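Naming follows writing order (A, B, C and D), and every chain is counted from residue 1.
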């Protein structure tokens, strides 16, 4: 059963990976993805990430469960932050452990692709000159990425 | 310019990832792959990993350069251990940083796929009952994985 | 039922949440969006492109044909941009 | 030229490396493997399935048609199993 957390606080990716693999000696592959806040050429002061409490956790848990049903995983952790996040800070973590590397890679990618399009988070840029940027627009390429996996929609 | 190391000593995956991303604020995605020694149901005492000094580094550097030419990466590190490695220990690390997650995922996967089939390392199992297992056989599925990327052979 | 709003839907409407009481002829999510868009200027702006709006009932995604009968919490928001 | 052996090729031949001096009619890697396999029992065993053997010249992979002329270090080994 995967671990899912939605929080404002930063996370320790290495500690999450250690927890995931501790004592499980059948693990042959551990893939860790960390999404970071880019500085947009030095213009960004922070990203403000809004979320829908309750639904955010539920949607991440749903894609985590779908990944666990699809690949023979030995561990899966997803953590997503909300609130104000400065350039260079971590936003999201997905860590997947499996006996074989392809399973771990595909599970981590699938969880990320679905997180982007199905988990209720919205980003807006705040710039160094004080201006509030527009809400970040969803990219159709993200929908395409998610469509690669054909996970059922929520009921 | 990627980082390539071949060594007996263990590595600190988190420290490698930090070094890779330190001060580079255009990074939006950091993918870390760690290959671990499975315990084969509790029977394995250790994996003995033989390598071809010089060529091992050169082949890893070649695939790292190919990945850097193919994807817009902001950092790429590959570390491969040799010698005796106990169950649960780390064998190989690939860490890839990019602005966008697909590039980082694909680069890390490609480097791993090529490492498996092109880098001169050979594994043999040593079992708890004292017996030396056969040399690990190459899997044709690994060749198939590597063939996905169509990287040119070395000259 | 409780309506909750996020991101620019929230900003355009000017509130986080409210209780709404649509008439009986509002059956589906699509009907509800059309009804909401007639509630005032902010609503008209928020729902000016109904196809862009995502909807969740009881915190699960639903499509435009979903029935709203019995819903306790219905959320309206733009396409998501997490990750 | 120096020949170097790894994994079960090394074990079957019974040494890590040696200097070899193939005759002039041994032109390609394929020729060389055939010539090597006639050097004794361990060699015959090591090279019993020539198509399985991988070869590197100056630490770079080469195919069976590669020319060996001028090679200083030529390595023979099984398919690789790193990663």
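Following the convention adopted for this analysis, contacts are C-beta pairs under 8 Å (C-beta built on N, C-alpha and C of every residue); 3 or more make two chains touch, one makes a residue touch a chain.
What you see is a predicted model, and the numbers here were worked out from it, not measured in a lab.
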Shortest contact path, chain B to chain C, counted in steps: 2
Intercentroid distance (Cα basis), chain D paired with chain C, Å: 71
Chain centre separation in whole Å, for chain B relative to chain A (CA means): 24
Per-residue multi-chain contacts in chain D, two or more chains: 83
Multi-chain contact sites of chain A, meaning residues that touch two or more partners: 35, 101, 112
All chain pairs that touch each other: A-B, A-C, B-D
Of chain A, residues touching chain C in the complex: 35, 49-52, 54-56, 58-59, 80, 91-92, 112, 115-124, 135-138, 142, 153-155
Residue numbers on chain D that touch chain B, as the complex places them: 4, 6-8, 56, 59-61, 63, 75, 77-83
Contact footprint of chain A on chain B as seen in their complex: 13-14, 17, 21, 25-39, 41-42, 87-88, 99, 101-102, 104-105, 108-109, 112, 145
